[in-house]
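Here come two complexes built around chain A, the first alongside chain B, the second alongside chain C.
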Partner chain A sequence: MDRRSFTFFVLPSVSVMTMLMVVPLGTTIWLSLTDLLLRDLDNSSFIGLANYSEVLRDPAFWRATRFTLAFVAITVPIEMTLGITFALLLDRVGRGRSIYLAAILLPFIVTPVVGTLLFRNLFSRGGLVSWLIELVTGTPFVIDGSNVRFLIMLHAVWHVTPFAFVAVFAGLQTLPQERVEAAAIDGGKFREIFWHVTIPHLKSILFFVAIISIMDSYRVFDSVFVFAGNRFDDSHTLSVYNSVVALDAKIGRLGKGHAIAVLTVIGIFAALVPFLVRSYKEQIADRT
Partner chain B sequence: MGLKRVTQRGALHLSLIVIVVWSVLPLLWTFQTSIKFTRDVASRVPVLWGYDTTAAAYRAYWFDDQTTNMWQVLLVLLVSIALITSLAIVSRRSKRPWIWHLLVVASIIASLAYVSRSFDTSDQFRFLINSLVVTVATICVSIGIGLFGGYGLARYSGKSGAGILIAALAFRALPRFAFVLPFFIIAKYLGLLDSRAVIVLALVAVNQPFTIWMLRTFFLEVPKELEEAAMMDGATRLQAFLRVVIPTMKPGIIATSLFTLLLAYNEFLFVRVLAPTNWTLPVGIVALAGGESSKGIAEAAAAAVSITLPIVVVIVLFQKHLVKGLGTGAVKG
Partner chain C sequence: MKARTKTGRVLAALAIGSLFVAACGSDDEAADTATEATTAPAEESEPEVVLASDECAIPVSADVVAIDVMGWEFPIITQYAAELKECEAANYSFNIQFLDSKEAQNQINLDLATGAPSYEMVQGSNQFIVELANKGLLLPLNDLIDKYRDQFGLDNIPQGMWDLVTVDGKIYSIPMVANTQHVFYNEEVLNKLGIAVPKTYDEAITACPKLIEAGYAGFEMMLSADWAWQIEYDNVLGSLGVKPIDNTTGQPNFNSAEGVKAAQILSDIVSKCGGKTIGTYSTDDVQNAFQTGEYVLGHLWASRAAAMDDAEATTPEVLGKVKFAPALTGGTVLGAPAYVDGYAIPAKVGVDAEKVFLAMLGATDDESQTAAAKFGGVTRSGVSNPEGPRNGEALNVSTSKGRGADQTHPAAAIYRAEIGKALIKILDGASAADAIAAAEAAYLKEAKAQNLLS
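Up next, the complex of A and B:
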């Protein structure tokens, strides 16, 4: 395809992304240098990096950063391990596959704010799990500041595992059976086949799932907002902290909110740059 | 079959059943709550079976007038949906089936609008219509634009193609707050706050990187010779693209649409910020779910089940495409 038709075909996508992503992002950076308030959008003045130094001295920002990083570091590996396990198990089933598949996929399609509500129903007073815990320990389970982080992560694992599962499961369908059989004839145990045949075959899929899950977990908002929004301040992620600072009717500091957004963006890019550079090189290599 | 194989199979199915319970139990429990009377909802020891059922919570969720005959409403809906579907089946031989599919979706929304006018429905019913309109519009715009972009990126071998792909990947990583506040400010100045259009625009934008990546991987599977042959016969590239390439892309379009559907239907943050009153279902249920009373809990449970049901139906119908879509996207991506 020549350059002119390429320009014609990508123009709509590129202009949408430029106008609706690059321009807002630039606006975000610009407004992070002002003292704009939610209740007075017409007046603002340039205050340099004052918002940034304020955010960086705000203990709530560091609390949110720590919890966000912990959230990513704990949930993503669990989701991937469970996803691989579910996929390996289902791959051995002949009859009844599609029923199991539909059931395992369910949490992935449940709206996050709805899923949060489902977990709250299970764990609050009169809920099934809360009651089971009371049977075992003698005291009923009550959602409070000490366990809400656990519930947030439990819900995340429930919601995201099917994504890892379905990607790995799709990958297993293209696993060359000859190689598995050859390895089995050579006397390979399940574990050896798994590490030497299955995992190398799934490498690019696992990489893809890990990157997507890290991106999505890092900016998690919906479920944390519903679980901890205005009740448990110390269980906020960066996005929720951002929303409280910028959009709370009483605080409503858009300038500071924009500064938090910019810092969040810098954070994810710092983690992603090696990966982006690698993908760019791969793309270039594919072309020659 | 040896004893060892029987036990192995048993263990396999047992572990899968444990996984299934873990996956569906939260929804099942909430479904139970939604059909219980308040005295059973309030019970501290869960009432697991033998309880009387009621649709009161669903009535409270969907209607303001609590004497509305829900069966009558359901009948109106079922009759119109049956008529629409049969129309779609009859028109299946049509050359452009997607026009009929859009017509069916539009008629479903129209029949819901009819119900909302003739019965005393609640705000949530309005949010349902908003949800459907926003979702369908987002899918159409985003796939419509993305098909061109994805095709261009699949067929062009210059360096700028790689640049666009990597930029799109970087945008995919951005948190919502990198855009949403400027969107809010601009929408406020243009008087677009609370309109469905601005939500659709925002969703199309954040979804575009993913859409072009996924559609591109599907285009890579289409052999180049296909359009080259058409162009030899005198078609322009655009004609070849529209008449020869697009018709082979059905699985890719369905898979990408499903992911877009999940994104748009589930969106919470954009709607909450950009629409002060004209919400969609996820924002509606969060506003509703704050209550601690048994009646409130049952109504929120009914809401949860009602919101989940439509996507479950769609995904069950297209499950294979979802799995295949992730497989293709992941292997090549």
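Up next, the complex of A and C:
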């Protein structure tokens, strides 16, 4: 294909990508260098890196960063482990498979905010779990600073595990049974077959699930916003911290909010680079 | 309902009659545009103005006026929303949306800040309206108020109410709800336990062990949201005679002996009265707890008093037994705010602002306020409803002897955000002094960053 044809074919997608990604990113970077306020959108001035300096000196930013990283580090492995486990179990089920499948997928189908509200209500005063705990201990369970982080993570695992499950389960359906049977005839135990046949087959799917889960967890917003609100600002993730700074009616620091957004993007990029480099190298190796 | 219709008809007839008289003696524009009743003959040189109905006595618009309204809901606001809907007879259509108060405020701020608001009308408290006005997001209504002052009897709203929604001489809303906070108590239970109705925060806290020992909740209030902490804190601090910030310079006054004492009183209410669950009750929950007898003593919005006589939602054992007393004090002033709620119009409203204003007038006139008075305090002098709540005296005393209006300095919004966020940590064990110090540091940092201090 000559250069002219190549340009002709890629121009539409490059234009759309530019409009939808490069322009917003450029605008975000520009606004992060201004003192733009929600209460005065018509007037802002260039203030250089002052917003970045303020954000990096803000304990709330580092608190949110720490919790975001902890959230990713704890929830993603659990979600993947449970997803693989459920997929392996369901793969062995013959009768009623569709019922189990629907039941496991249900948390993922529910609208995120609705699911979070339902989940929160279970643990709120008068909720089923709170009531059961009160029956046993005599004291009602209430969401407070000591347990809200645990509940946020528990909700994430409940909500996102079905995604890992369905991807892995789909991958298992493409696993050639001859390979599994051959390994079994050769005396392979379940664990050996799992590590040496199943996992290599699922490698690219697991990589995909990991990348998506990390990105989703890193930018988690709705569940944390619903659970933590302004009451538990120790449990804010970067996205929620950003919204509080930029969009709270009484604060409304849009310039600072854009600086937080830029730093968040840099953070996720840094977190994903090792994965992307490894993936690229493997693809090159596969081709050669 | 019959009484309401009859009253509405009488008021409408009076209004129409007075308008007709005014029209005959005046040739100004206001008189020209809205003078004729439905059945009144039009003068040859003037177009006939057709009023929509008795319930919404405003001119019928030639074109459909579509109005999106955003606000937050409590019983009397629900009634005012119904009054707006009555104005659909004037060729208006209303899409009225309610959110949680904090979310509604964020949503309205964002929408109005875009410069092309999707809401033609917003509803809120004087505190919120002043915050929007300080940002230049609301339309001053002075000219329209002057134009329709006589026709809609706007002088029936006391000047003090107007002052609450006025910034630098510009009026931004028509006050329609008069509100404050005061004490609710179950008289039978307090008499049984020999507890006098408290007049001070100390007396309320002292009563708690006896109440709890008898199996009741202690002295309770809504403390589950940061904004609620801010209002309750301002109540206590105001009762000690201190304004949280200087209304001229914005400099903080709250990190003082009185400021820490006020926070300590709230901390004591949590630890000695409310216990672990006090941070889990919304305003609706507190209201419901009184209606079911779970709460027998507490602090609540006056606008919730009517619900105590709602036979469908109040248990028979409690019905009629909840009484009302003025707000508490920690010093010399009652810890009660002077609040009004009203509708306002965005500065850059996308439709004819006068038509939106007329809808506001139609939904807040004497007839509408008479209907609304069944659910809470209204703003027009002489308007009442025999089926209204029994808290009139507590409301009036609390408002007239209370801490007054919230501050109007542009940095006050930041103060409210930061003090609420800091104080709510008391629920998780923070000390009063630490919370106040943290709030002051956060307030100064943010107010300086926004160049709002002088």
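Side notes on the structure shown:
Convention: the second predicted complex is superposed on the first by the 255 of 288 C-alpha atoms of A that agree within 3 Å, B and C clash if a C-alpha of one lies under 4 Å from a C-alpha of the other, contacts with A are read in each partner's own complex, and residues count from 1 in each chain.
One rule holds in what follows: contacts are C-beta pairs under 8 Å (C-beta built on N, C-alpha and C of every residue); 3 or more make two chains touch, one makes a residue touch a chain.
None of these values were measured; they are calculated from a predicted model.
Once the two complexes are laid over each other on the shared chain, residue contacts for A:L41 go to chain B and to chain C alike. Shared-chain residue A:A103: touches chain B; no touch with chain C. For chain A, the partner touching the most residues, choosing from chain B and chain C, is B. Legend: residue contacts after superposition of the two complexes on their common chain; A:T139 is shown touching chain C, with no touch to chain B.
In the superposed model, A:L20 lies in contact with chain B only, and not with chain C.
Residue contacts after overlaying the shared chain place A:F119 against chain B, while chain C stays out of touching range. In the superposed model, A:L247 lies in contact with both chain B and chain C.
Of the two partner chains placed by the overlay, only chain C lies in contact with A:E54; chain B stays clear of it. In the superposition on chain A, A:D233 contacts chain C only, with no contact to chain B. Note: residues 41, 125, 140, 247 of chain A belong to the chain B contact set and to the chain C contact set alike, using the contact criterion stated above.
Partner chain A is touched in their complex by these residues of chain B: 12-13, 15-16, 19-20, 22-27, 29-30, 33, 41-46, 145-146, 148-153, 155-179, 181-183, 185-186, 188, 201-202, 204-206, 208-209, 212, 237-238, 241, 262, 265-266, 268-269, 273, 281-282, 285-286, 289, 297, 300-301, 303-304, 307-308, 311-312, 315-316, 319, 322-324, 326-331, 333. Those residues of chain C that touch chain A in the complex are listed here as 102, 105-106, 108-110, 113-115, 131, 134-137, 224-226, 276-277, 279-281, 413-414, 416-417, 420-421, 424-425, 427-429, 446, 449-450.
Remark: chain A residues 37-42, 54, 124-125, 139-140, 142-146, 229-231, 233, 247-253, 256 touch chain C in the complex.
Within the complex, the chain A residues that touch chain B are 1, 3, 5-6, 8-14, 16-17, 20-21, 23-25, 27-28, 31, 41, 86, 89-90, 92-93, 98, 100-115, 117-122, 125-128, 131, 140, 158, 162-163, 166-167, 169-171, 173-174, 204-205, 208-209, 215, 218-219, 221-222, 225-226, 238-239, 242-243, 246-247, 254, 257-258, 260-262, 264-265, 268-269, 272, 276, 279-280, 283-284, 287.
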